[in-house]
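First chain written, first letter: the chains are A, B, C and D, and each begins at residue 1.
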Amino acid sequence: MSERRGIELCGVPLRGRVLNGSGTFDAIAAHRVFGDELYERFPFDAFVSKTITLAPRQGNPPPRLWETPAGLINSIGLPNRGLQGFLASDLPRLAELPVPLVVSVMGFSLDELERLVRAVSERDEVAMLELNFSCPNVETGLIMGADAGETARAVERLRPLTEKPLIVKLTPNATDPAAVGAAAEGAGADALSLINTLKGMAFDPRSGRPWLGAVTGGVSGPAVRAVALQQVHAVAARVAIPVIGMGGIQSGRDAADFVAAGATAVAVGTESFRDPEAGARVGRELAALLEERGAESGAGGAARLGA
Amino acid sequence: MSGARRTRAPFGRRRAIVAEARDLGAYRLVTALDTGGPQDPRPGQFYMLAAAERWGAGEGERPYLPRALSFARARRSGEGVLLDFLLEVVGPGTERLAQLAPGEGLWLTGPLGVGFDCEPSGTPLLVGGGIGAAPILALQDELGEAIAALLGFRSAAHAEAASLFAEAEVCTEDGSAGRRALVTELVRERLDRDGDRTVYACGPPAMLEAVRALCAERDVRAQLALEAGMACGYGACFGCVVPARSGYVRLCVDGPVLDASELTDAGVPEAGR
Amino acid sequence: MSERRGIELCGVPLRGRVLNGSGTFDAIAAHRVFGDELYERFPFDAFVSKTITLAPRQGNPPPRLWETPAGLINSIGLPNRGLQGFLASDLPRLAELPVPLVVSVMGFSLDELERLVRAVSERDEVAMLELNFSCPNVETGLIMGADAGETARAVERLRPLTEKPLIVKLTPNATDPAAVGAAAEGAGADALSLINTLKGMAFDPRSGRPWLGAVTGGVSGPAVRAVALQQVHAVAARVAIPVIGMGGIQSGRDAADFVAAGATAVAVGTESFRDPEAGARVGRELAALLEERGAESGAGGAARLGA
Amino acid sequence: MSGARRTRAPFGRRRAIVAEARDLGAYRLVTALDTGGPQDPRPGQFYMLAAAERWGAGEGERPYLPRALSFARARRSGEGVLLDFLLEVVGPGTERLAQLAPGEGLWLTGPLGVGFDCEPSGTPLLVGGGIGAAPILALQDELGEAIAALLGFRSAAHAEAASLFAEAEVCTEDGSAGRRALVTELVRERLDRDGDRTVYACGPPAMLEAVRALCAERDVRAQLALEAGMACGYGACFGCVVPARSGYVRLCVDGPVLDASELTDAGVPEAGR
């Protein structure tokens, strides 16, 4: 078993390359369930919060889940306490985690985004911000991330508000994610992350009616991996800033494919549902593979293999 | 008898071994030897299970995610604990679990969730409907044999699960075993006789809602073990919510046992069920 | 086993609801392999040709295939004899099939498309044309199908050239397929078909380099079904013309989901690779399910179930 | 001996039954009883195979598509035919096929493709490399026992496959069985002795290319059975092309046996192999 090597992501030192996908690991709930063991063997090298919004949200009506061939559709709908609740209750607890904290935010207007970014970046506990421009579960979630112009305008407006690194999370439900990624870079984003879930739907086999309470949802898991690899490859070829690749990663092998596609770091999402420690396993396996390939170029090295 | 409603799970999933597996009428009883977890899960808690081999099997490429199962009985065995799971085959996941043979590996995470509050006010009344009998068995083990369980089943084949109980009164929908009745009728009769009780129930949504309404009417305390589709079982996905008075609650971390007073409707079925 | 009921698609009577996906069944090769039995038990209710182009094409360099979790990536690259070769060699043989013929065409400019549509629609053997605006394997394939304006312009230009029904095949690699579908309808399309393959990619586990000769390809099979259902649902909700739904259909159950999503007919693609008779099996199973649901409203009925 | 290079397949896939399965050194020999297909597939033809159960098994959710396998031997049996498949486990598909036990079901489409031209000019020279021995065995059965096959293997464990042949000269890369040599050296020696031959070869890309070049040099006719990744096996997907003089040809319908003269390079490996 090979040691994970540290990297630097947007100037933030990380002990390895594996993050969680936003919304796929609730460190506070997991601590309630698993106790301090969670902190002692924390599976990720940085922790990304569930996406928060300005106002509190209940999320979508159930059912919210549907299993597909090698995948999962979810229609969670961004339940969260809202900015104030997050800062008051969640942030202090997330600050106890043994790894840097990334806070994911989504705004339904540029003003909302401004308020979110200002308030979150004031807090020392926060290492980076992720702008979720892509959640397919909320009606307006698409607007910014599917369009290069919208994305550029939003990032330009937010960029001056914080000195903390800004990660833009792209939506895969777009004609040209690479163009959107390039626009984000041009406007000052420090990193890009992708993919978010693909829009998807399922029908109740008994009634023939849509299964999900919210009718449509987002697909994740191994089923989307090939799509994610293509988008990461296309985006990484267009930008110089680091890319955080995700979508169906189950193993270090899968993660190595994302590195080969041009990702500097990776995130594990749905696989954590099958195995709460998946992030740690993926990290170990990935480190071993990269070492084998001689691609680890010391701390801070953003190894781009292959192609 | 202890007040705790939750025994903490070790972090991560671990490999358990199938010690025994047999049919029990229409159900399947699978016993796993778990040497990596606590020996004292609490009645009503559950585990996330996946076969170590051939999970992802079949033409339809499911099951993919682990499946939630209440333990029906826990017995210490050396360093470990023998966990009985009572299974109803309803789809690819339960089918694969029902195929497990002794010696096969099983991924296990748990115990998870919040179990029953085992400090009843008044006499406990145990109620199980169908496969919902599983956690009720664990509860009877905990509360002591003197407490009979009221169990309702579809048919005699299902009612064989009652043989696991120290004491049970059985009814079936078709009268093929025990009384021909819905278990809620039995509950109503008991409450008519003695209302100073805590009702503990697990079963299908319609039954749970009938029990909830019955108890609400009479101001009887009720602890209900609900079900919802789950992806993770440990609060990560926010997928397993049910509507409660306080808003949506995640059944895997705030339940699966909820106090009836937290609910306005315990009969929230998944779409189309 | 229930009998398939006939339907009418754009005025063309079909004995059932199941077509093949373009490029996933070569009736001429299959006749060489299986002989006349193929015609006697032809699995589809209409036959869609592989997409043809004006000039002959060799297709992409191998390897062209990669298996993914519950799916397949292909980078075939539209090998075909070109328009003249098709008309001279393939068309007469396809005319022998016991079902109506749909010819799929792709042009790299409006002029090319014009020439293709004119020449193909002159031939009596052809019942309908499908405009492949969506193939992700050919560089320029994206242009028309991902953009509502482009699609409208193309269909407007082609519409007057033929009296035969025009089916527009949409690309799923677009921000808003429903808008593109509506534009096609507005410009005079008679039907829409979707989804084509999702852009995807795979890496050689040994070398870490892109596996496919053409680097990227298109994903099909059960892995894409949830995505396809969502797009069919969104498109069908926006248009009045019939929708032909496809993407990962393996069974009548799956096909019924597409009908529930709003499709009038369905197509079977990758599943034919696993089972050459899959189209017939899906047709039988679908007919039985629709009958059960009481949705078959006689010949020509475009049953929309559910939602 | 017949001139036909192709026996036609019935339309569709059919269910065959595994009659026997056993290890043969490093390989696995699986015998299927096929009662739905022709009894006379031609040497070099292949079938698409998928296990009827548990295809789509395993954590990685593969295999999904059927796998191409040459038949190694065909024997009439009552109304059907016993088909021997010689398997090398290289991934999830061959692994699952190698797990098949007698009595299990198997989806079969075939026989497919164009086999060897069994009307040689000059003396036939049979050459097999590794798992490529499989169709060479069928060819030896067809041409008659007098024709020895030259077989090259990695090691003695692989060379056990030679025991199936009526006559064979074996070499191994490590010298653990037979001569320590590459099989192409044996081919060169034979051609040096007698050049009036038709060479029939199947094996890894590098070997096939060496044989092709050798034969081209000496104007010896060669029939080569190639491999390519296949999704369908019957010309539907256009995925299995190899570059030939005439352009890309679909190996499943225009091959897998190609005349060496059609090729400029028989060593077209899949990426990275």
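General remarks:
Here, a contact is a pair of C-beta atoms (placed from the backbone, for glycine too) under 8 Å apart; a residue touches a chain by one contact, two chains touch by 3 or more.
The shown structure was predicted, so the numbers you read here are calculated from the model rather than taken from an experiment.
Touch-path distance (fewest steps) from chain A to chain C is 1.
Among the other chains, D has the CA centre that is most remote from the centre of chain A. If each chain is reduced to the centroid of its CA atoms, chain C and chain D end up 34 Å from each other.
Chain geometry summary: the mean Cα position of chain A and that of chain D are 47 Å apart.
In chain B, 56, 59-61, 64 are the positions where the chain touches two or more neighbouring chains simultaneously.
Multi-chain contact residues, meaning those touching two or more other chains, occur in chain C at positions 66, 68-71, 207, 209-210, 222. Considering their complex, residues 66, 68-71, 73, 142, 146-147, 173-176, 198-203, 205, 207-210, 215-216, 219, 222-227, 229-231, 233-234, 248, 253, 256-257, 260-261, 293, 305-307 of chain C touch chain A.
Those residues of chain C that touch chain D in the complex are listed here as 23-26, 29-30, 32-35, 37-38, 41, 50, 58-59, 61-72, 74, 76, 79, 204, 206-207, 209-213, 221-222, 270, 272-277.
Interface residues of chain D facing chain C in the complex, by the touch rule stated above, are 8-13, 50, 56, 60-66, 107, 109, 112, 228-232, 234-243, 247-248, 250, 253, 268, 270-273.
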